[in-house]
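What follows is a set of structures for review.
The same chain A turns up in both complexes below, where it pairs with chain B and then with chain C.
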Partner chain A sequence: MAVLTNGSTSPLGTLGTLSVAQVLEHSQAANEPAWLTEMRGAAWSAFQQMEAPKWRRTRLDELHLETLQLAAHPHAPELLGADKAAEQGAIFVPLRDALTTHADLIGSKMGQGVPPLANRYSALRAALWQNGTFLYVPRNVELEAPLHIRYTLPAGEQAHFPYTLVIVEANARVSLIEEHISVESATATLTGATTELFIGAGAAIRYASIQQQNRTTYHIGGQVITLDRDASGEWVSFGLGGKVQHIEAEARMQGDGSRIEWHGATFATEQQNLVIVPWLRHIGTATESHLDFKTVVADQGYSVFDGMIKIEHDSHATSTRLEEHAIHLTPNSRSDSIPGLMIDTNDVAKAGHASTSGQVDEEQIFYMQARGINPADAKRLIVMGFFETALSAIPHEITREQVAAHIEGRI
Partner chain B sequence: MVAELNLDFDYSKYGFRDEENYIYKAPKGLTEEVVRELSAMKNEPEWMLQRRLKALRIFLQKPVPLTGMWANADLANLDYDQIHYFVRAGEKPQHDWDAVPQEIKNTFERLGIPEAERKFLAGVGAQYESEVVYHSLREEWQKLGVIFLDTDTALHEQPELFKQYFGTIIPAADNKYAALNTAVWSGGSFVYVPAGVKVDIPLQAYFRINAENMGQFERTLIIIEEGAEAHYIEGCTAPVYSTNSLHSAVVEIVVKKGGKFRYTTIQNWANNIFNLVTKRAIAYEDAQMEWVDGNIGSRLTMKYPSVYLMGRGARGEVLSVAYAGRGQHQDAGAKMVHIAPDTTSRITNKSVSKDGGKTTYRGLAKVAPGAINSKINVNCDALILDEHSASDTIPYIEIEEEQTTLAHEATVGRIGEEQLFYLTSRGIPEADALSMIVLGFMEPFTRELPMEYALELNRLIQMEMEGSVG
Partner chain C sequence: MPNELHIKDLRVEVKGQEILKGVNLTIQPGTVHAVMGPNGSGKSTLAYAIAGHPNYVVTGGEVIYKGENILELDPAERSKLGIFLAFQYPVAVPGVTVANFLRAALNAHRAQPNVDPKETAIPMAQFRKQIKAAMQDLSMDDGFARRYLNEGFSGGEKKRLEILQMSMLQPSMAVMDETDSGLDIDALRVVSEGVNRLLNPDMGVLVITHYQRLLNYIKPQFVSVMMEGRIVRSGGPELALELEERGYDWIKEEVVGSLN
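Showing the complex of A and B:
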């Protein structure tokens, strides 16, 4: 019975047959702390009772959760840069390992960013995560080299729920890349990724989330960055792969003076349905945010940008702007954009959003043709230029070049 | 001309109520019996009764819409069993003002309707409770074949036209409130403008709810033939009672090739009225449809006037303002659906919230496959005047065609301290300065109204703004 631990071989059954008792039993067998066992049990029982969320723009009708099987031998993620981080006193290890050494620290934060019971999928992830990553950066530590997490759903496995928990203490600095890949599969596979980043007072993070999974994979994720006083984040989100993506992401400006600069790129081609739900939540005083997402759709690709600026009643002097721009490369593609504003106070310095949608500018193509560039290359150059601000926000050159090459190859 | 049009409205008297003295008042609650009786009293053809009964079944089946486009928790507070679905105040609609019953006449005279008609309107309809009490169209327009009737009369006098269009633009199953209206509709305006006729002064309808617990469900059907033009204005008021009332209208409009139509609403319902309205227009080739929509009153308004751009070159526009004060939620917006190529639309929304009021802009901009060269422009600006008030903006944008140009822009803010300081330093009292800034903010809307309506709206907002500075 090895749902939650490495090493055991007993078959697990499918999600449809898994009981709360089994979930509790597995957690206890893995010697997990009591709070975690309890959290898993509550989440699994919620999962069994909850109805599926009404995401009417996300095509989940062909995803049959109850038939999915959990990996018997969940893989630890590839963690690049752990040694250098350790030299400076940071901890960058698989989450399961950290559970034996830093259970209390993990327990103090887990679920504080992404609420386990927010919906059926967050409950599923909270109940059944098997491994993930723990990153802890102590006060005043500034890590030069970017850290890199690579989660792979390997051949022959149907579902995994990697959990990333990041705690950056006051005045520390770190760059982190979280990448999701999977291999082709005969049947649908599921990645349910949870990421919680807690950024302490005056600390700074550069964070890149890159989803480039296989066309048979469903990716249903939850990501929250919580920023303490004067903390700052630079976030870039790439939605490139998968059959269907639904990521609920949030930058939470909790502390006074905290700020986020958030870029994103979504590229939906073939039959892909890529949904991103980014929220800017302003809670503290004099917090700032800027979100700029770029979307390109082609073939039968269907992208959804369901963004929100939420300014809470007790916040003061918020300054925020959200932008989304979409380009259609072919007639049959579809892009939806819902740039929302929910403002519960009049003490706002600046709040606004803009959204545009169109095709590649014919004039630009003409201009480039006049300079000897053929129309196909011209289109490629224009799209790459469109994604440039997102690409340049990836805090690691080699990764940046790989992502750029991947996009360029698909245009 | 301007001086002559200075109607001396007494705004403090909007809240008056008349004695209730009705020929017929249906019992509270909605049953098949109520619908059958209503239809029988109106001596309706069988097909209309069947239409009503079918709609009633749809209404009863559909749950209160608490998610998606209609998400609003306050809808759950509406008690359908406490409403009178039909109240008959007088006999048949009169064409001679002197023949209108005195009490009703007093009401509309206090609101300035007959005077307005004499001065600048092509025709007037006035609806009191469920039925239209007065209807007239100037002879010059009648001669050109223009039809302006109350909808009940039109059902009898224009059966062919009526049957051809009724319910084709907004079917009963569209939403719960459209179903309710189809089941119990009464009154409203029927307008037909023949090809090439340009009615260059406005037609007007005035709606008044007087009885407590009264539901008003007027049904308006407007057909603008090829190359024809018209402008229709409606105003709404009601006295304040301690219990909630419901206004749920359906407005269907067809604008044919090259036609032009503008529909202007100044909604000033009392703040215990649920105002749940479905308004939709279809614009064919090169036609132009404009909704000018002002929402000042009601407890909860949910209204998203829409234009379906069905013919090449059609244009749609929604220009709206919303003002939400204490206990009010203005949940309004617009929908533009581009189905044909070379179509253009524009949405401009201005909203102001104050004293705990809330404004929501909800909109849809959709480009269907094949609607190439569509152009859409959306602008939403919200002003929040104090810390107790709130504003949401929820625009849905769905683009299924490559050759499209869409731009959406929204801002939310407070009144600039600098603006306020500038005005007060010039000796303008703060309250006046505040009200000047709000009126300036709404100016793109008010400048589209006929003079008397612009004045009325400005004065209504000034009244709302009184005492707004503590």
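Showing the complex of A and C:
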């Protein structure tokens, strides 16, 4: 028996048999606010009507959504650092709990970052999320220790859609790590994660998104950071696990003077197909962005970097740079880099993108060999060095070491 | 003597073109041997061939060291045998710190066959102590160890790092390829003093240089002149001074003359 929400016991069956009426009914049975019930209904209706998006480089042909069962329980994520955050007046709780205490605040933001009806998968996530995380950092509050969210798709479950909603008020400061893991399963599993971060005027966030799921998992996510006036973000994205990953991520420089420093790394080995679609969207005046992505592929691994700089019509004096560098460790591995630039204004300070791709530099290997280091160890050192800028952007030393050890173990 | 480096009739091609055309040279432990020559004479090719760079294809001859023809060893094995190349153009490796690199190199040297590398690895405290002392000798500040390998380094910093590596790895046969290039006089002094401190009766040094200048600081007992892929003259330190004074053309004329 599958249930959609806490307190509800009606069987839902698979995604293929779930009706809009059932979705509405379950939302109401869980005493969700009317706006949420409505949002879910609209999203599910859209999901049923929409065609699958044409993601040519994402191998979704073996993912049969209609056969998937929703997770039977709305598992709360593991949240680390909540107590300390609470001492300073911040709220860091499972989203379902927050719904009973901060429904209006959640309602004012949910869906503003990642539009529910953007495509069939965003609609699926908006309609069926069961739990997630709510983080609220009040004005002027500076949280020293990083907060940590760990989402696990538990054994025996087939699909979950964790939703992370973050509101950082003016001049507040926070570091957040969002980690996705899963257990190995006999059949395909799906994680559809939505993350919306709203960063207020003059506020600052360090945010790490780490996807480390197992080889049966499809991870189809949407992430948007919206930055208000003079807000700043340091973002690091790691795409390491899963069978297939497709993450649409966006840094939205809404307010004047807002800026993002974004690092990322994709490491695709075995048969993994890891796709990241990062957007730098410039809306305000004198906004700045820098995206530096590192990709390493090995075995039959296939990575896609589909990055875009979008400079909106009403923006002024944008300064932006997007770069992606890829290393191929084996001849059968593949990485596609598709950096794009869309400029809808004449008023741009600086905009550029670059991408490179190649094998590990032979001269670097020889230099290390000349010091006694064998070629395999030399390669490992060079690749770890290649990922170093991304690793050092993880705002928590233990997590950084874990991620580094995970990568090193797979080279 | 077992620890002499014995180069016999060494022939080396680069991109299908023969650069070394039969080099014969012996470097004794406890001596500094300078190889001088004009640009394009094959000096750096000799250095790379000794170290085992894959682009330098050996087509004939042997290089015997400690009883082995090192041309049959891969570059890492040559390093472990005690051969050290101080690069003319050290390679930048972004993201890899000087400290991590040096620790990896030291541990590679300490590794034993069939022994868990963890057991032979240098203890962290010992490594820190050792690198700190070595950096002090070369007037490097502590922050240097945390910088990425040769990334954004000045010419002087790169060469100092080469000597730092040499000092940590304690080679028995050092090949210094144009170590003076790109150095101002102060950096040259620091680097040379670093090398001189490492000299010992068991170590041979092959100094490759275009100019005599470096030899004022690192004093050779033997000087050989290389031209068009061959050693064409050998002598003592006075030969370097003569080259300084008269340039290379007179030797060229004599060599051509003798061939005619």
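Criterion: the second predicted complex is superposed on the first by the 404 of 411 C-alpha atoms of A that agree within 3 Å, B and C clash if a C-alpha of one lies under 4 Å from a C-alpha of the other, contacts with A are read in each partner's own complex, and residues count from 1 in each chain.
Criterion: a contact is a pair of C-beta atoms (placed from the backbone, for glycine too) under 8 Å apart; a residue touches a chain by one contact, two chains touch by 3 or more.
Small disclaimer: the values here were computed from a predicted structure and weren't measured.
When the two structures are aligned on the shared chain, A:A201 is found in touch with neither chain B nor chain C.
Judged by the touch definition given at the top, the superposed model places A:A317 against neither chain B nor chain C.
In the superposition on chain A, contact of A:I343 is made with chain B only, not with chain C. Contacts of A:E388 after superposition: chain C is touched, whereas chain B is not reached.
Once the two complexes are laid over each other on the shared chain, residue contacts for A:F366 go to chain C alone; chain B is not touched.
After overlaying the two complexes on the shared chain, residue contacts for A:L117 are found with neither chain B nor chain C. After overlaying the two complexes on the shared chain, residue contacts for A:K54 are found with chain B alone; chain C is out of touch.
In the superposition on chain A, the chain among chain B and chain C reaching more residues of chain A is B. Listing the residues of chain C that touch chain A in their complex gives 51-54, 74-76, 78-80, 84-85, 87, 90-91, 93-96, 100-101, 104-105, 108-109, 148-149, 165, 169.
Residues of chain A touching chain B in their complex: 54, 56, 313, 326, 328-348, 350-359. The touching residues of chain B, counted against chain A in their complex, run 67-68, 369, 372, 382, 384-387, 389-414. Looking at the complex, you find that chain A touches chain C at residues 361-364, 366-375, 377, 381-382, 384-389.
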